[in-house]
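Look for chain A in each of the two complexes below; its partner is chain B in the first and chain C in the second.
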Partner chain A sequence: MEMKKIWALLAVATLAMTAGCGQKSDDEMMMEALAKSGAKAAVPMGTASVAGKVTVTGKVPAAALFSVDADPVCKAQHSGMVKEETVIADAKGDLKNVIVYVKEGAGAYPAPTTPVTLLQKGCMYQPHVFALQVNQPIEIVNGDPTLHNVHCMAQINDSFNVGQPNQGMITEKKFTKPEMPVPFKCDVHGWMHCFAGVFNNPFFAVTGDDGSFKIGGLPAGSYTLVAWQEKYGESAPQKIDIKDGEAKAVNFTFTAN
Partner chain B sequence: MADFKDERAYNSKTLTKVFLWSGLLLLICVFLMVWKDYNRPWKAYQRQFMQLQKEQAIEQVPDVVSDIDVAKFKELYEAKKQAEKDLETHESEISKLNKQSADLDNQIYKVKTVDYQPLKAQIDADKYTYMARSEEGKDNENLKKKIDAETDQANAYTQKLFELNQQKDQVAKDLSTLYARRDEVAGNLAKMEADFLKLKTKIDKNSFSFLFYFRNAMMLDFLAPTIQIQQVVLKNLPEDMYFAKTMRVDRCMTCHMAIDKKGFENAPQPFRTHPNLDLYIGSSSPHPLEKIGCTICHGGMGQATDFNTCAHVPNDDEQAKLWKEKYNWEQPEGVQSTMLPLKYTEGSCLKCHGTQEQVNFAPKLNRGRELMITRGCVGCHKVKNLEGLTKAGPSLVRVKGKLKEEFVEKWVWDPKSYNAAARMPSFFQQTNNSDPDSLARNKAELHSIVRYLYTHSEGYTPNEAPAGGSVANGKKIFKEIGCLACHGIDDVTSHHADFAPDLSSVGSKLSAAFIYTWIKNPRHFNPDTRMPVLRLTNQEAADVTAYLMSKRNKAFDEASAPQADPAVRDALILDYLKVQFGIDGAKTQLAQMDDKAKEQYLGQKSLSKYGCFGCHMIQGFETAQGIGTELSDWGTKQVSQLDFGTTGLPHTHEAFVNAKLENPRQFDNGKDVVFNDKLKMPNFHLSPEDRESIVTAVLGLTNTYVPDEMTAGIHGNGPLLEKGRRVIFDFNCRGCHLIEDQGGRIREMYQKEGIDLSLAPPNLRKEGAKVQVEWFHDFLMNVHPIRPWLHIHMPSFAWTDEKIDAVITYFNLKEDEQAFPFKTINVPKLSASDLTQTKAMFDKLQCKKCHVFGSQVPADLSTAAPDLLKVHERLKPEWVLDWLKNPDALSPGVRMPAFWPQPDDKSPVPQYFHGNSEKQREMLRNYLFMLSSAK
Partner chain C sequence: MGPDKSPVYQSNLHLYAFVTACCTFVLLLAGALVTSTGSSLAVPDWPLSFGKFFPEMRGGVLFEHGHRMVAGTVAILTLGLSIYTQLAERRTWVKKLAWSALGAVLLQAVLGGITVLLHLPTQISVAHAGLAQIFFCLIISLALVTSKGWVQGQAQSVQIVSDPIQKAALITTLVIYFQILIGAVTRHSGFGLAIPDWPLSNGQLLPADWTAAVTLQFSHTRVGAFVVLALVNWLAFKVCREYTQVPALFWPAAAAALLVWIQCFLGILVVLTEKSIIPTSVHVIVGAALLASMLVLTLNSFRLIQKGNPV
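This part shows the complex of A and B:
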């Protein structure tokens, strides 16, 4: 016991000695750590770009028609039957509503503060397919004088299901993790559904009517690109190496089945 | 010296040498011992872990720092410096104040302890003397004067003390005013630094400093080492050391140092965090480390601190190979307890949860237990807590009216030839009885068994099936109404239930009349069946019958039944009789039997031999005991007691059970066994996953002593809950419903086929809090669907009051321990003005867009929500409020949206009741209850 005490005293003395010599204050250590952390700042946007077209080969069946008469408010905004939006292709096979994105190779980028808008109008979602960044606000607007519920069936992010009984009502949300795809539906109007892609970088695009897309601001490097279509799923990946200022053409093709 | 005459009996010179050498040897031994102790492997692990923690903390620094607003920090940093500089200008003032404060302290001390306290003691003493003298009647005048004077003086001191303290407070106040700015800035700075400094402390703590080496140095490390054995002592879970119970001591965390620390989920072993800390190990989990320890679940030698003495057991061959290379691992033998391979760990839950119908979060174990019941393991093998259950196979007391004899013979001879998914195991044509001799004998046995069954069977005549059922419509009904919750069929691949028989070839088995009568009312044939009534119309039943009759197995239909040879039969009978009557007596006995008597005799003997009554109800075997080994504590049976025969299997429990399940007859390989002594356990043709589940459940059957206080399900409401759970299991409620978030198996089909899950049978989470007891009872007595427009519907079970009570009690007690006595429903009526407002709100929220409202139905009835006019008779008022507030929390994925999204709780209709969300929900609820009562 006595022995132990002596050792303990010795230990304390040593500790005091080591602690005494040239210790920096907490504030100074923090300042140093902050100075060093500069290296972790976001990768800056680049000057390279990728553009191309998404097409579908094979016979695409004509879009099915469905009735929205179940709700008089919906009915009033359409003349007759409404076209399915699952596959929208023109005569040349140019495919609309395809999300093209960098699956591998890009870092994380801060989210823009400008919100993305998802409008429910005529008991349809506008746009039917869209993409946004992690933590970018999304405003979901009810443009109809009827009840909609926005049922987001995210798996990785928090899912939600909000009732919007008023026209003009806006629900604001954010996704905190990358997820692809995030399906939305309205349970009041069984035909209403749409999809979102959530990415931690700004390198994505949704094809327009002519199936074209453009992704800009890429820093030089190697990337894996994929295209996603709600019916056909994810395309085969395409690897690209790109230099500063370069504009690369990349096309994707799906096969109708 | 040299001439010293030694008179002792030994030579001291030699002895000196002996002493010298043995002393040296001893010294070397001591050094070796110390060295070995210093180098124990766990010490190296602890040093490695320090390094790992340090590296991790260093890695986290940039993350923590990157969240910090640099500009703000710099501003504060400068502000703090400035404030400190400012303080310097007030230096003289501060030192003056400090001096004042010190002076005041001195004065206070003096007045309080030197002046006041002794005086107070003197007063007390004088008062005592005064009293004593008064009693003796002595003169006290002078003393009284003295006391008065002293009291005055004491009061003066108290006053002085008060003044001094006031002065001191003022000085402190002045000082803090001067320091205010500095303290404020420093406080804010410290807040920003807190996370970083925590990491910094961690880094320092895990650095190999001089002090670390000093405390852990060889020969010094007995004093206060930082590297030391970690352990938990588990008083409530004693270890059985053959003849005595000792406290269980687990030292696993000596090496597994991160077992209860978050953040090492991907670290290399032994430093990985335990999965699911909220359920295991975590201090607020139901299984905290300090109470449950490690070995009660994982097995192994808890006190050991070396890889091999701990009795580690690898999960698979790959890991075994790795361990052999890395740790020189070998299969532990002759130890008290070996570790359970990781994939079987769930089995250990049974030690404390053995009396429970199922163990939440142990799906593999639950599946294993379920298979042990539904495949009939427990029919032959006695298993504690799984006794007296419904038999696995159908009752045969009316087999004559259900099946053709030829079918039964073909079926038992090879069940798989009828249906690959048949649950009946194969007794014949196995590896130990496929020789011509055995085949002939088995055929004779089988024929006699069938003869016995048909002789001991009551008659039964089903009703006629109407002609003209539609196969296509029957197929649709079969898929949609819920048959698939229990039965499998090959037309549906998105879901395959195996709670009840697979019906892929049922047309080759049953007659149309039997199927029709059975699905209309199963109890017509078997009053004790668990099959419910699905309330089909005659036409629907005819359609389903037509569909099921179309499900035939042509090859099976065309095959002929095995042919029995009477001579072989007689020889078998003779073998049995010999034992009783000797060879000559046996022959005489046999000669006296006619064919019928012979069949009955051999049939009865064979039924006993194969233990058919374990799964089937058979006349004459009502009280027979199962023929298998009891398995209640099989997991703790010594490996040396198991007969591995010539199988060449590794000598482990898991290898043994797995092999028994894969091919039970392989244990006869290479042995010369007489016919009747051949192994009889049939082949169940289980998938590797199912085998693994059963092995898990069997390894968990142990005789480990667990005191009552550590046993789950036997305290408080436990037994009542278990009673309900047993009914829930027995009738496969989880085939459709999620109960305690387990089961809902038919949902698999909805998911795979992309059908909206909210159209599937409901999740019964919080059902006890949801529905009124009277309604629940009425519903189970007389099922009437809540959404009659859905195809799938709750069938009618002919439950006794006891079963219904058990289920209702279970659901209610699960939500509320104080559910009894059941509370009365009381919802206040709305005032006239509230009613007007609530009605307007109800319309504004457009509830009728989805909900049925008496005779008013939404445009698309097929996906409609329940009738709001029935709310008052079905739902509990408190639940309705919870539901309106957050439907998804009560039924995940439900279509009902949140109108008051949480956590903001913002109303979409602020024009009513001043936008008070809680009030709005209450008014709506009251309206719903009022409205339906007024109907």
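This part shows the complex of A and C:
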């Protein structure tokens, strides 16, 4: 009986050692994955940063109002009509929900394992605009006590349309290729839509309420930055040369039409 | 001596076919509403809806699942019609027509499911729209050929006054169907507002930039509409003048003449209201009604107008 236990322990230990010898470090696995994908090898994260504001000039029309009465559950979560989120700008023209990203000059970087969350709450998408990296998980959560369908209308990546009939349901997805922008909609509630940007590097940001953004961790180099807004589209590109530790200011301006 | 294949009018069979035709018309409206309200993918699975037979009927689900329920009802009615025709009808070709209708509605259901599962590829969605009209025509034909007028109509055969209208009616029916198909391609490609104004095209008599979208939309809203309008009016004028005493020809022609103008007006409204739900959906079913009226005229003309066989 004792001998049997000893043999069993030895067998387990041998298997564990064999597995351990064959195991690769995370870095090695990441480099292999990058090589397989044909992506340019990642440059280590740097210390430079770019920050600025995105504004809109000209007369920005007041946000249109829409009704969510088609679903009593949605209606119960709002007091009256709801404002469209297509253009959100303050009195100074500071634009919210603009994706600013490095269009050229950055290599491919491994994706974080932390998922990005897209929440359906009050029959609205939160956030309305977001960005993530290639192969970074995205968790789509139904926070409403009503049914939603999550219809991703990707063109380069695989599109999908999944049903979430119950509150609390979570669907996890990943995008395997860079794509900008990726629209989402809910066909149950026609007013629900949002946009994602998918990048193969972490050098992107979405502007906040005051239109500001900051992209950090840039290695020294030359980059082309652009800003994208769902109504105004992509801005004119801005080229920058940046050194280690440098903090550059870059601003973008859209014209309301 | 073989079995007697001469037709016998059966009011119940005709009534059943007529009710099925009415339900099919409602089904066309339900289908049109699905696309017009942007609810085509509100239910992402098929044949179940959110994994259930009856999901909560909210928002777009009301239209998409509602369409499936009406379609299910029509499919069951068509199955009943096929069986009823098989048992009660003497004419073999009418039995075949009924089974063809059943085949069409089943194929239509599969196309509907595929287009949902594949996220509305244009080809499948257009095929679904095109087959819907063919199925409607089959059911209309069944209602017509089981009617008293059709079954007992040989005695009413009319004398040819001038050129026969059969060929013209047949061509007009085919042209209307083709125009509906162009409309379906325009609609399901998302080109409905490629030219956003009317009667001008982006402020000019002819579009300045002939992209695929503009060409398609122009073909449907200008060329096709004009051809259909001209053909239907010419034919209706001819029929109403020469066959005034033949209700089976006069009324479908008169109905087509009225419907074609309504249809053109609705088409203009679709553009000017930026594809507002009601005019867009009504445009689809008035198109179907126009096709049906011309089909009835065509079939009746072949049935009633016979060379050298005056009244």
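The definition used in the following text is that the second predicted complex is superposed on the first by the 216 of 257 C-alpha atoms of A that agree within 3 Å, B and C clash if a C-alpha of one lies under 4 Å from a C-alpha of the other, contacts with A are read in each partner's own complex, and residues count from 1 in each chain.
Everything below uses one rule, namely that contacts are C-beta pairs under 8 Å (C-beta built on N, C-alpha and C of every residue); 3 or more make two chains touch, one makes a residue touch a chain.
The shown structure was predicted, so the numbers you read here are calculated from the model rather than taken from an experiment.
When both complexes are overlaid on chain A, the residue A:Asp71 reaches chain B and chain C alike. When the shared chain is aligned, chain B and chain C each come close enough to touch A:Gly163.
Of the two partner chains, both chain B and chain C are touched by A:Leu147. By the touch criterion stated above, A:Asp187 is placed in contact with chain B and with chain C alike. Which of chain B and chain C touches more residues of chain A: that partner is B.
Looking at the shared chain after the overlay, A:His128 reaches neither chain B nor chain C.
With the contact threshold set out at the top, residues 70-71, 146-147, 149, 151, 159, 161-163, 165, 187-188, 190 of chain A are in contact with chain B in one structure and with chain C in the other.
For chain B in complex with chain A, the residues that touch the partner chain are 61-62, 65-66, 68, 70, 73-74, 77, 80, 189-190, 192-193, 196-197, 200, 209-211, 214-215, 220, 223-224, 758, 844-846, 849-850, 858-860, 863, 887-888, 893-899, 901, 908-909. Per the touch definition, chain A reaches chain B in the complex via residues 3-4, 7-8, 11, 14-15, 18, 26-27, 29-31, 33-34, 36-37, 39-40, 69-71, 146-147, 149-151, 153, 159-166, 169, 171, 187-188, 190. The touching residues of chain C, when paired with chain A in their complex, are 37-45, 50-52, 55-56, 58-61, 64, 119.
Contact residues of chain A toward chain C in the complex are 70-74, 146-147, 149, 151, 159, 161-163, 165, 187-190.
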